[in-house]
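The same subunit A turns up in both complexes below, where it pairs with subunit B and then with subunit C.
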Partner chain A sequence: MQPQPFLRTFVFPAALCALGFLAAMATVLQYSLRAYVPGSLEAGGLSFDNFSALLKPLYARVFIDTVWICFLTAACALLVAYPIAYALVHAQNRLIKAAILIIAVTPLFLGEVVRTYSWIVVLGNNGFINSVLLKLGLIDRPLQIMFTTFAVVTALVHVTLPVMVIMLAAALAHIDPSFEKAAQSLGAGPVRAFLTVTLPLSTPGIIAGVTTAFAWTFSAFATPQLIGGGQVNMISNLVYQLGLASFNFPFAASLSVAGLALTFMILSLLRVVARPFEKFGPH
Partner chain B sequence: MARSAFQRLLGIVGVLAVLTILGFVILPAAVVTLAAFNDKAILAFPPETWSGRWFAKALAYEDFRSGFRNGFIVAGCASSIALLVGTTFAFALDRYSFPLKRTLEAVLLSSLVVPHFTIGLGFLILAAQIGWARGFAVVIACHVVLVLPFVLRSVYVSLRNLDQKLELAAASLGASPARVIATITLPLLAPGLVGGWLLAAVLSFNEFTASLFVTAQRTQTLPVAMYNYVREYADPSMAALSVLYIAATATLLIVANLYLGLGKVLNVESRR
Partner chain C sequence: MKRLSILAFGFGLLLLSFPAAAQDKLVVSIWGGSWRDLVAETVAKKFTQETGVAVEFITGGTIDRLNKAKLAKGNPESDLNFTTSHVGWLYANDDLYEQLDLSKVPNAANLVEQAKISPYHVGTWAYVYTIGYRPDLLPGITFESWADLWKPEVKGKLAAPDFDPSHIIVVSALLAGGDAGQWEKGQEKLKQLKPSFKAYYTNDANSQQLIANGETPVQVILSMNAHHMIGQGVPIKLVIPKEGAVLGIDTIAIMKGSKKVDLAYKFINVMFDPAIQAEVATLKKGSPVVSSAKLNPEIAKLPGVFSTPEQWKSQAIIIDHKLRAEKTAEWRKWFAENIMN
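After this line comes the complex of A and B, so read on.
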């Protein structure tokens, strides 16, 4: 075996980080199994009440809504991101390429709050869209766009778009362009060449993108909180409300644990569904 | 090969689709810019009178100022720690074999898919249990865990692309392992290290959900301060701050693209 200088020094900091992370997750798990003592920050004894309370229609409804919003967002983001990723990889002009990349990626680094606020300005009752429609005489009074699932999903698609573009572009960039040329020289039209060659070859990127979009949307908080305004609730909003407003940490923890279990279940399901397509991968 | 009318039409539709989508991406930024220069406190499109007074108000607002300072401290510390941890671990991951290698990697990368509110809640309760005050240490620890996967990936990709023959040459000329790392490996990795550090710093500076859980009034970072402002006030100071934010971020990215090649850092450049 080759010498491995500094092995311990190199692995120790990472192990420490992993330990801290695992300890935080273990605390959540431990709290989820303890009773809530009203008026106290300390949790009580062992109890499964938190998890049975999750089955109440009120909470079940939030779980279903969350998954539905994540699904819609991931699907829409995929549709919107694919053309951008394709253009990014296939653009010939370096300047156009750089422009597409910067426009598509900038939102990723703005953070959820700035982006959510911007969407409030666009979608609000005296926001941009309503002002324009009123000026054009298309509507008499402002449309109620805020506080709807549509508004939340629109903003969330905007939030997830950059990651999706990066994942898709990474996959598209690693496809040998001669494959598509070969298909075209054999008589396939550009549409057919795309559908039968490029699209299947990009499935690893699609899977990675959808998975990440799903997980990120699940994690979103400011967008459903501010744009949903209590009308559209996701698990994150409930956890915040219970944890930092009611100080019911045990129940907030059990919601987190259930949410985490749900995320992993859906992500593994995605992986199982995607397995047959993985053979299309470029590597 | 001559392009048929159909192919030309397809090309036009494609370009239009891309332009529309880019328009969707830019729309909020453009609208917020309009709103920021509106003189009145209430939104109006187009604004009737223009002014820059909201910028002055946003820059003078104490919570934004302290949020910026705190964010600077947290992002600086968290990204530097993450760079140290990520670089050493990426090196071990690429070159060495040791027990629990894959498990350790999986644990560190899993913070990518665990919702941030769960991580924030975890660190909040953990800190309370072990009796840590809600100071900067908790916020920084939480941020390190959140940004580590990005540094790890960036450094790992650079390590993979590094020509190991250069290191072997140095070693065969008698350089010690420490000297090889210091004089050959690290300089060659520099773009990946800078890219990873910058990515981590920007992500940490903008991190919101987990920060909301782990920060207190005294350690509140800028996104948390902005969130609290949006909940309480509706004047365009927030729009003005957003414009500054967008301008700073776009400038940073354009510079990063010029010097580091953003396409390479994000791995979206075709290898051919």
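After this line comes the complex of A and C, so read on.
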């Protein structure tokens, strides 16, 4: 065991933060177990009504929709991010490398609301996509893109992309290029070499990226709220609609607790599913 | 020793400066953006001119400020609070407001009855939620009654606020022979409107964007928003249906525990100054709450701007503010479960 002189110094602030988060979580939990009193800010006595109300099919549907949107976002982000990360790692020209990196991470520097409003401009009836399609004569009336799952996922992929690219690029950068060259020298074409060598070796990055994208999307609020227009709802929108906008804090708390439990369940499941693939990583 | 004395003196001065600074300003809690600017440029400006006391604003959303006020109960961060009439009841029910003595507010003598919300909070300006639509995108369709929203031509074109369904819930109840207290009577009627909803807007900016780009050419819209967009060149027609439009009133109250109650009363008195009321109405295209306010005829004729007792009586659907505070959660939940999802 090596001496770690700074361990206590670094652990102390982290422990304080953890204590703060724990206190906040405990407050949310105790609110979820209390009754709502109409017309009052104070919650009532102990009650399980908030959780029994969650058994209605509506809530089950929103929970399933949330998981589905998270899955679609993670999968689409992976498909878009992988070629970008690959190009970022393998580009020889430093200018091209820098350009790819800047384009990939720019969404992180835009405010969530600004970014979402710009998507409304792109996806709306009079937006960029519909205008182009109408001018090209491909459609005779605007396509309904806004307020659909497709629109919400598109905007969510945009925000998830930088994280996915960075995680995949980190994984790809750790793969020794000589492995791919060795495969090619043994007769494999570039596609086969990629599919049998690079792709399996980048599995840890894929798992990390997908898990992070999934967890990140789970708490998305502004994007489904504005792009979904109340027609595509995720759990956080339901918390806002039913809890905060109507001052029913106990019910909002129970939705949050249920959402958190579901996140843990899904992430645990992902971990179990991903375990057999982890052995493919570079050693 | 000398250095220590200087330090102690400096520290003493610093301590003395805190109460002095606190006496020099009145703290007002209000929404941010144009609402803060409106009050800063009208009421606060005149208040400071008259009293020499500066006004400091604490801004935030309705819920954020409510939560902060609750946490600071007894030792409020602000002296005065602006919020909507029904949310004001939540403050009052939680003992966060001082009971008002309107005898200390001479200008309140002309306050319209509809603005006297409770013993704790009074209206400052009014607006309506009503039907606003784009005639250029809906040729041949007119709206004279709330019932016209149920026309088949409106299918897939309507938007309403997602943060407060009380307007459409009460309207549906009225059309079905009920009222706010018997809102259940309108449930089936409102369910028939479900196919007409294309989206639900989250805030004023979202509402403005959806009607400006034609995404939702009909909205249950805040009159002030519609007038703002008309001023920007968006061809919106705002209608006061024959049943009336749903009245909304923003209110002011003195926070319980405020140490500047006298100044707070002076601020409220300036708020009800007829000239200030007319200025607020002109800037926001809302209704003044004192009958003595003299409005520019161009403003007075706008739909949703009430300047006569007859208009207040015949054009406004008033949802009892206390009932609304108590029912908001129930209405919101029913709307989310049966209409939105």
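In this section, the second predicted complex is superposed on the first by the 271 of 283 C-alpha atoms of A that agree within 3 Å, B and C clash if a C-alpha of one lies under 4 Å from a C-alpha of the other, contacts with A are read in each partner's own complex, and residues count from 1 in each chain.
Basically, contacts are C-beta pairs under 8 Å (C-beta built on N, C-alpha and C of every residue); 3 or more make two chains touch, one makes a residue touch a chain.
These numbers were taken from a predicted model, which means no experiment stands behind them.
Asks: On subunit A, do subunit B and subunit C fit together or clash when superposed?
Replies: clash
Asks: According to the stated criteria, A:Ile139 is in contact with first (subunit B), second (subunit C), both, or neither; which is it?
Replies: neither
Asks: Considering only the touch criterion stated at the top, classify A:Ala261 as touching first (subunit B), second (subunit C), both, or neither.
Replies: neither
Asks: Scan A:Gly229 for contacts with subunit B and subunit C and give back first, second, both or neither.
Replies: second
Asks: Could you let me know whether more residues of subunit A are touched by subunit B or by subunit C?
Replies: For subunit A, the partner with the higher number of touched residues is B.
Asks: May I ask you to decide whether A:Ser246 touches subunit B, subunit C, both, or neither, giving the answer as first, second, both or neither?
Replies: second
Asks: Touch test for A:Ile120: subunit B only (first), subunit C only (second), both, or neither?
Replies: both
Asks: Would you check which partner chain A:Val273 touches, where first means subunit B only, second means subunit C only, and both and neither mean what they say?
Replies: neither
Asks: Check the residue A:Arg61 against both partner chains and state whether it touches subunit B (first), subunit C (second), both, or neither.
Replies: So A:Arg61 only meets subunit C here.
Asks: With both complexes superposed on chain A, which partner does A:Ala14 reach: first (subunit B), second (subunit C), both or neither?
Replies: First partner only, subunit B.
Asks: Just subunit B (first), just subunit C (second), both, or neither: which does A:Ala182 touch?
Replies: Neither partner.
Asks: Considering 2-10, 20-28, 38-46 or 56-64, which region of subunit C has C-alpha atoms that clash with subunit B after the structures are aligned on chain A?
Replies: 56-64
Asks: Which positions of subunit A sit in both the subunit B and the subunit C interface?
Replies: Common interface on subunit A, subunit B vs subunit C: 41, 117, 120, 124, 126-127, 226, 244.
Asks: Spell out the part of subunit A that touches subunit C in their complex, as residue ranges.
Replies: 36, 38-42, 56, 58, 61-62, 117, 120, 124-127, 146-147, 225-226, 229-231, 233, 238, 241-242, 244-248, 251
Asks: Subunit A touches which residues of subunit C in the complex?
Replies: 63, 66, 70, 89-90, 93-94, 159, 162-164, 197-202, 206, 209-210, 213-215, 322, 325-333, 336-337, 340-341
Asks: Per the contact definition, I'd like the list of subunit B residues that touch subunit A in the complex.
Replies: Checking each residue of subunit B against subunit A gives 6-7, 10, 14, 17-18, 21-22, 24-29, 31-32, 34-35, 42-45, 84-86, 88-89, 91-92, 95-98, 104, 107-108, 111-119, 121-126, 128-129, 141-142, 144-145, 148, 177-178, 181, 202-203, 205-209, 212-213, 223, 226-227, 230-231, 238-239, 242, 245-246, 249-250, 252-254, 257, 262-263, 266-272.
Asks: Subunit B touches which residues of subunit A in the complex?
Replies: 1, 3-7, 9-11, 13-18, 20-25, 27-28, 31, 41, 80, 83-85, 87-89, 97-98, 100-107, 109-122, 124, 126-128, 131-132, 135, 158, 161, 166, 169-170, 173-174, 176-177, 189-191, 211-212, 215, 218-222, 226, 235-236, 239-240, 243-244, 249, 252-253, 256, 259-260, 263-264, 267
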